[in-house]
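Each of the two complexes below includes subunit A, the first together with subunit B, the second together with subunit C.
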Partner chain A sequence: MPALSGNQLAVETHDLRREYRARRGAGVTALDGVSIEVAQGEVHGLLGPNGAGKTTLMKILSTVLLPTAGSGRVLGHDLATEYRRIRPLLGIVFGGERGVYPRLTARQNLRYWAALYGLSTAAGRSRTEELLDEFGLAERAGDRVETYSVGMRQRLHLARGMVADPRVLLLDEPTNGLDPLAARQLRELIGRLAGEGRTVLLATHDLDEAELLCDRVTMINNGRVVAAEAPKTLARLLSRQERIRVRADPALLDQVRALPEVTEVAAADDGAAVVSVGSQEAVGRVLAFVVAAGVTEVRTELPNLEEVYLRLVHRNDERSVVAR
Partner chain B sequence: MSLLAAAGRFQGQLVLTHRDYLIDLVRTPLLAAVFLLLVRHSGQPQLIAYGLVAPVLMAVWSMAMLISGEVVDSDRQLGTLELVIAAPVDFARLVVSRVWVTTTISLLTVVEVFAVSVLGFGITPEVDHPVVLVLGLLATAAATAGAAGLMAALFVATRTARTFQNTLSYPFLLLGGVFVPLDRLPAWTHPLGRLIYLSWSADLLRAALAPAPVAGAAWRICVILGLGLLAALVGRLVLGRVVRMVRETGTVGLR
Partner chain C sequence: MTSGITRRVRVLLWAARAGAADHSAVFTWKTWLFGWFVRMLAQVLFFATAGNLLGPGQARYLLVGNAVLMVALHGLFATASTTWELENGTLPLLVASPSSPSLVLTGRSLFWLPDGVACGLGAFLLLGPVVHLPIGLSAVALVTCLLVLVGLTTYALGLFLGSLVLTATDLRNVVSNAALVVMMALSGVEVPASAVGPVLGRIGAALPLTHGLLAIRRVLDGRGGGQVALLAAQEALVGACWLAAAVAVLTLRARRSRRDGAALFLT
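This part shows the complex of A and B:
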């Protein structure tokens, strides 16, 4: 990997906007003024639900899609005009099954991609063998990729993305569709690659994955940046929203509802009740109250990602109102 | 040079796993039999060269179109087209580098057609100008690879490569004088036909099989190569524009 230069940002976008025109009716706005900054050597998460705009942003950064408006730079090179200088610096891994030639072997795939990134025949051969070893594919390197497990294919994707030893690695939901063990192995590999000082931009909808791997996280929803925080900050935000799920008779639930710490008691789909409280400290007090009342079916839970988005969006809206 | 070798090797490996790419090696002997039957029933043995050259040129063109379409269509299906476009490689060069292997393979049809002629019809083709024949075939293969680059631009833009592969081939083959010499077609087709390298190839290859001296062989080979190079250069220019367009519309990876 070439040496890093100065304190230049690895990735920066300013008011990036991307619209898709429709043949009939209104077009779709996939990105609506996205500005992000990623320092060199940083592992940065793009967190958002499906359709949030993460993949569109990844495609713009990987130079296969042009923004409708706004600008962006990768290692100081403009995305719109200097894409030829950006391409050798990037490693790209899109999630899912697609992205390799299934009827060829891992070795044949990697050697081809090495040539596409300008490596000489000898350098491509040597780099291929290195990557096969590093990604645990050496034993099956001569087998057709179509015979691989999903986890092995995804490791091959990652190896392909690393073929030119890129300074910036773009990973679009790389653990999507993997079983927990394969996902964990892949996360370990990503962690190792990040540890080598390379910049990694990781799009995911898995908060745990982001927390495990990322230095900072940008949350995107409906094509807009909702928040850019350190994962710990997000975790704190989550813990503040801890709730209690309890199965109890209506009379006891009325008593719970009357507690000063309780802000809401809502019915869940499975017949249980979900108790929201005002603060993290209050969770213990409410728990103690229901346990003392003889309830045994009780547990705490964190809100899911979508609820966190909603709260963050709500928080942002409130900030906007205050600012006005 | 490294790309040419690597992409060529890669395409060779793909051909070995996709035997359907070699369908023209199966079809060409059958076509040769049909053409030679027509010649026999016409009672004009001097037309044998037409029956030998036409199926070979059809195979060379058809395999090149198939592969240039597959480079786009199949890569789109596999999700590799976006990654190829995001790679530093020049896409037009890559197409030509992948197609040259199959155009070379398609020259095997020469052997097939001669075998059909000898074994099926008892006619041993007389090659009066073997050097011209070999150089003409090699120039044709190279020009076809160049033309494939131009066609790839169309395939990227339209997202329906197979439709164009099927509908464009016969007009090109007809205007290229593959079935009958260009000078037998209406006069208004001549200027257009002469822009298609196939018309020069067909005339030269037929001349190589005839006893009469081949006039201006070197010049005609240069024209074939020149038209192929021109197609490759225009293809590179158009492909660059088309790739820019699909990056704007967001249709690079759409199937």
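This part shows the complex of A and C:
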């Protein structure tokens, strides 16, 4: 991988907008003023429900689609005009089964893509063997890809994306359709690639995946950025200490439920109760109440990324409805 | 990084290899030899037999025309196989790579070429004696070269048609079959090109196969090399024009697809 230089951003977009023309009726706005910044060496998640605009953004960043308005740069090169300079620097991996030649072997696929990325015969050969080893495909390298499991194919996809040792890796839902074990193996591989100082942009709707792998996440809904922060910061932003986990008898929980500050008391998997409080100011009052009642096992906690995601997307949807 | 031309050649060869892998998944040597090849011979024999009923010399005329048509048929298969890239889901990745997708698509269906030439040459060698068509060794060499030329020129037409129907995959076989029938009618396969009138004759002259087939007929008639060379040059020129048109359409579609988000490279 070529050396990284300066403080230049790996990926930046400014007010990106992408509309698709429909044959009949109104066009569809897939992206509506998306601005993101991804630093070099960062693992950045693009989170959002299906149809949020993640894949359209990935297509624009991978230079196969032009934005309708706005601008973007990858490693300092303009997406619209300098796409030829960008292409050799990018590794692109789409999720799903498609994207490799099923009737070629893994070795042939990698040699082929090495040729497409301009590696010499010798360099292509050695890079191929390196990747086959690294991605655990060496033993079946001579078999046709059509005989591979979904997990093996996806590892091959990732290896293919790495063939030119790219500085920026675009991963569009790479664990889509994988069983949990294969998904975990792939996440470990992605984590390893990110650890090499590469910039990774990961589009996913798997929140655990984003929380596990990403330094920062951008949440997108209806083509707009809803939030962009580190996963933990997002959780804090949304509701610092809004939740109290408490282990108490049912009678006390009934009293807690009756407090005006409490919005919900739900049972947790471990037998404890999770008390949701309407505001940060009220947390102290509820804590004081349960401690005064003699409860010793009590703690405040942050919501996980899934809860943040659902709340932000829900809020954004509500705003969209109001705006209409 | 390697020089531009070496790199392009390597991409072309790898694309051809990917296509050949698809071909080998369809045929084993046994199914090809005893199924496909026999089917091709049967078609040529059918027309030659019909020629026997039409009068002296007609069987030979039809055998030569239909043997060369087998090569053209394989060239036109490129129309369908060009769309296989879309089915693999590799087109967006090709477009996003530093290489030209047009180059890949140009190499993608080259595997039809040896298949077609083998069928055409096999028809000459195995069925020629049936219609008393003696072919000397030097004629075989020259005919083989001309068959390769016809294979390449019709391949260029197939690629052009494939580039037009790249996203309308349900049309791929309709279009290539229509093209083949037009060539049968206008390129001197079943009747001399002069028999179709001046307007259709001009259209026929712009199609691949027409000049190449005439050159092969001249070789088999034992005519002079100058005339054959001129016809071969005309055939090559027609093929080059179709190839240029194919590359132009593919490049245009890639550019347009990037701008308007058409389904072409983005499915």
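Annotations for the structure displayed:
Keep this in mind: the second predicted complex is superposed on the first by the 238 of 324 C-alpha atoms of A that agree within 3 Å, B and C clash if a C-alpha of one lies under 4 Å from a C-alpha of the other, contacts with A are read in each partner's own complex, and residues count from 1 in each chain.
In this text, a residue touches a chain if its C-beta (ideal position, glycine included) is under 8 Å from a C-beta of that chain, and two chains touch if they have at least 3 such contacts.
In this text the structure is predicted, and so the values were computed from the model without any measurement.
Aligning the shared subunit A places subunit B and subunit C in steric conflict. After overlaying the two complexes on the shared chain, residue contacts for A:S276 are found with neither subunit B nor subunit C.
After overlaying the two complexes on the shared chain, residue contacts for A:K59 are found with subunit B and with subunit C alike. Shared-chain residue A:L90: touches subunit B and subunit C both.
Look at A:T204: by the touch rule set out above, it reaches neither subunit B nor subunit C.
In the superposition on chain A, contact of A:V100 is made with both subunit B and subunit C. The residues of subunit A shared by its contacts with subunit B and with subunit C are 18, 20-21, 59, 62-66, 84, 87-88, 90, 92, 94, 96-104, 108, 111-113, 115-121, 144, 160. Contact residues of subunit C toward subunit A in the complex are 1-2, 7, 10-11, 14-15, 17-18, 21-22, 24-25, 88-90, 92-99, 104, 257-261, 265-266. Within the complex formed with subunit A, the residues of subunit B that make contact are 2-3, 5-7, 9-10, 13-14, 17-18, 78-80, 82-89, 94, 247-250, 252-253. On subunit A, the positions that touch subunit B within their shared complex are 18, 20-21, 59, 62-66, 84, 87-88, 90, 92, 94, 96-104, 108, 111-121, 124, 144, 160, 164.
For subunit A in complex with subunit C, the residues that touch the partner chain are 18, 20-21, 59, 62-66, 84, 87-88, 90, 92, 94, 96-104, 108, 111-113, 115-121, 144, 160.
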